[in-house]
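The following pair of complexes shares a single chain, chain A, combined with chain B in the former and chain C in the latter.
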Partner chain A sequence: MFAPYMLDAWIVATLVALAAGCAGYFVVLRGAGFAAHALPMAAFPGAALAGLLGIARFYGLAVFALGGVAGLAWLKRAQRPDAATALVLVALLGLGALFLSLSGQYSNAVYALLFGQILGVGPADLPPAFAIGLGVPLALLACFRPLTYSAIAPDLAAARGLSGAGLDLLFLGLLAVTSAVALPIAGALLVFTLMVGPAAAARHLTRAPLPALGLSMALALVIAWAALALAYLTGLPSGFFVGTLSAAAYLAARLKR
Partner chain B sequence: MTLLQPGFFSSLPVQNALLIGAGAALLSGAAGVFTVLRGQSFAGHALADVSAAGGAMAYLLGISPLLGFFSLSVLGALALEALGTRRAAGRDLAAGIVLGAGMGITALLLYLDVTVKGSAGAAVTVMFGSLFATPPGLGRAVALGALAGLLGLGFIYRPLLLASLDGELAKADGVNTRLLGAVYLLLLALAVTLSAMAVGAILSTALLIGPAAAALRLARSPVAAMGLAALLGLGCAWGGVWLAYQSYGWTPGHVWPVSFFITALVLVVYAAASLARRA
Partner chain C sequence: MTAALNVEGLRVTLGGREVLHDVGFSLEPGAFCGLIGANGSGKTTLLRTILGFTSPSAGRVALGGAAGYVPQKLQLDPDMPVRARDFVELGLNGHRFGFPLPSRARRAKVEEMLAAVDAAGFAGQRIGELSGGQQQRVLIAHALIRQPKLLLLDEPLANLDLRAAAEIIALLRRVAKQGVTVLISAHDMNPLLSAMDRIVYLANGRAASGTTQDVVRTEVLSALYGYHIDVIRVHERILVVAGEHGAHGHEHVATIP
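The block that comes next holds the complex of A and B.
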């Protein structure tokens, strides 16, 4: 399990879990679950288009994820933001389906991009994983007070001169970057799971902000490691373990209270 | 230029696709009006994602995909009902958790489809649909399902509308909002199932939300919105089938995915409705 060729997978899983666990705390706090689900989906056609054009996957992912942020910020002003978000989300997924279909590697690529291939990571995935694994938690911790403040008491934060829109944009941008890096590894659907499950469980166990944040990151880490180990031992897809363990953690935390 | 390539209406797969598209679009459009009114777009999307596990399971067990999709989306609806809290934020979270668990299970089942059953195309069919390659008997089953769903919706229409617009008022009026909400979630599960047959599980949200959101902008009353949503959905579904049929000539020998055209048309209709309202 700890053979040299598995080392990259362990490192990347650790870094992605740190970023997702940390970002997830704010996703739950700010009630941004739908946005967190939508951004990896928005990035999905980017990976498909990159495959079609033959360019590096990361560029396609980053462009579409950041485009997704602009779209979400713009849709906030729509009459029914959640309906508009849902529509743009599925339209982008449909576009991704088209790109994949045109590139002629349909079924395998669909599965890999939606559910991830943690065992398929290589040395090339390390630099971006390090960038988000360390950068995203640091950036979020730097903005810890304003982000928490504007989520809990938006009126008060506005009165103290914090720009809600600017913070929101920054937060969504960090989510987008995390999604873009984590997508090939965890898959468009399961990046989100790793964000929401541990964070929601942590919020159920403790209300204090910093302990909840730490607990969320720790749970995400344990889930990612357990998923990787179980995937290695059983030969079953890692996404299955990430998804079910995250939900189990949340349920356990709920029952405990 | 001929408007229709020869053989459009006489082709059996096309007839089947038009029938499934119609059933899915009519029920989803009408039910979607309530989904949008109740602000449950994310819950509807979560149900669709969970139903994907059912689609994958159907391959594994060799049962009808309709049965697979429906059983899992009913399970998802029950889970949402059990986890769901009163506050909107808590509801989003519940939807997220249910969705995540469903996706994990889907990952496993699709993997088993490929390794155990050798169904290499299962991932595409379940997630993005393949309307031209559905089994021939499915069209009739979808039409029957849509009819049953529309009848059920007509039956609970009045109390549901009241409860969707003003829950407190409905309670004061003696409506059992919890039971009503549960029955509505079952109808939603049926609508999602039919749409998943047409455009695939994760794209079925397009038919559920898009026509309904557009119709609510244009129509003056909820009943009119339901009718208009059903018609807009039907237009998008049939338009998508037609465009996909045409696309065979654009990239020689390669049909573009029907689901892409249907979701794109839905987005266009929604954007046009938003602009029309503003003008």
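The block that comes next holds the complex of A and C.
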């Protein structure tokens, strides 16, 4: 399990978990679960299109994820943003399926983009993983108070000069970057699960914001490590363990409270 | 003496309808003023215009110093990992970017403010789990921690039982005695009668201001509403009703419990 060829997988899993656990705290606090689900899905056709065009996957992911941010910000002004977001989400998934179908690598690519290839990561995945694993938590910690304040009391935060729309855009932008980098490694569904599960569990176990953030990151780390170890030992997909352990952590936290 | 709040010829139009017509009044430092009017009379619009959230189409608002604001109600998730003391601290530094390093002086200031509003006993509880009266105390502490000269409260007594409402009024009276001007909106003036030394009465988007004796009179309110109004005083309470010549018959325009 700790053989040299597995080392990169451990490092990447650790960094993705730190980013997802930190971003997840704000996702849950700001009630942005749907956006956290939509952004990796919005990035999915970007990766597929990049494959079709033969360009680096990161560019396709980044363009579509940031396009997703612009779309979410625009839809938020609509009367029924949830319904509109859901329709756009489904349309993007369909677009991704079309691009993959045209590229002639359908089933393997779909599996990799949705569920990740954590056991197949290599040295090339390390720089982007380090960038989000350290950069995203640092950026979010620097915005910790304004993001928390505007989530709890938007009017009061606005009275202190904080722009709700500006903070939304900043936060969604960081989510998009996290998704774009983590998606090829962990997969669209796993990024979302690692964001929401540990953070939702942490809020039941602590009363104060900073401990909740720390616990969210710690739980994400433990779940990612456990999932990787179990995937190695059983040969089953790591995504199955990430999802199951996240749900179990949330259930245990709810029952404990 | 410089006025704590001076409103002159204020006109506000929302959605093509003029909500406030030529509203003007002035409040001295330390005044305890009730902003009274039926639901939909423009109280919240006036408070939001004073705070700068809404732009007037004409007129001006001059503040003698910083203003603190207590909204009617926050939509608080009971599971949100934010304690009462965390929320009060956000009033102090929630707008600041940068790492949230602990500070003994800041913590002492928060605890002092919580004690001043008799909220020390539940400072460690999640704010979403507090009762309506307890939340109001925390919101008041949040507004006062920056030592404003003017405190604006939007219907803080709504949804409170009589005892909790009386306690909040006594607390605000103490605040006013310390030199902070208090402007509190309510649809029912009776709970405030013993405390307020000034009243701004809003009806049909117009305002009359002065002492309760000056304003809550048949002639003044009839002119404000545009039809005959009877003011009935019973057991130290005031009932304002449309009189027999009123355009709307015997309609209650302000109720008493």
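We take it that the second predicted complex is superposed on the first by the 257 of 257 C-alpha atoms of A that agree within 3 Å, B and C clash if a C-alpha of one lies under 4 Å from a C-alpha of the other, contacts with A are read in each partner's own complex, and residues count from 1 in each chain.
The rule is simple: contacts are C-beta pairs under 8 Å (C-beta built on N, C-alpha and C of every residue); 3 or more make two chains touch, one makes a residue touch a chain.
Source: prediction; values computed, not measured.
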Clash-or-fit label for the pair chain B, chain C on chain A: fit
First, second, both or neither for A:R160, with chain B first and chain C second: second
Touching partner for A:R145 - first (chain B), second (chain C), both, neither: second
After the two structures are overlaid on chain A, angle v-u-w for chain B, chain A, chain C in degrees (C-alpha centres, nearest 10): 90
Chain C versus chain B, contacts on chain A by residue: B
Touched partner set for A:A91, first chain B, second chain C, both or neither: first
First (chain B), second (chain C), both or neither touched by A:R207: second
Partner chain(s) touched by A:L119 [first = chain B, second = chain C, both, neither]: neither
Touching partner for A:H37 - first (chain B), second (chain C), both, neither: first
Lowest inter-chain C-alpha distance for chain C and chain B in the superposed arrangement, angstrom: 8
Shared contact residues on chain A - chain B and chain C: 31
In the complex with chain A, residue positions of chain B that touch it: 36, 39, 41-42, 44-45, 49, 88-89, 92-93, 95-108, 110-111, 114, 120-124, 127-128, 200, 202-203, 205-206, 209-210, 212-213, 216-217, 251, 254, 256-257, 259-260, 262-264, 266-267, 270, 274
For the chain A and chain C complex, residues of the former touching the latter: 29, 31, 141-146, 148-149, 152-153, 155-162, 202-204, 206-212
Interface residues, chain A side, partner chain B - complex: 28, 31, 33-34, 36-37, 78-80, 82-91, 93-95, 97-98, 101-102, 106-107, 110-111, 114-115, 187, 189-190, 192-193, 196-197, 200, 236-237, 239-247, 250
Interfacial residue positions of chain C with respect to chain A in the complex: 51-53, 69, 71, 74, 76-77, 79-83, 86-87, 90-91, 93-100, 124-127, 142
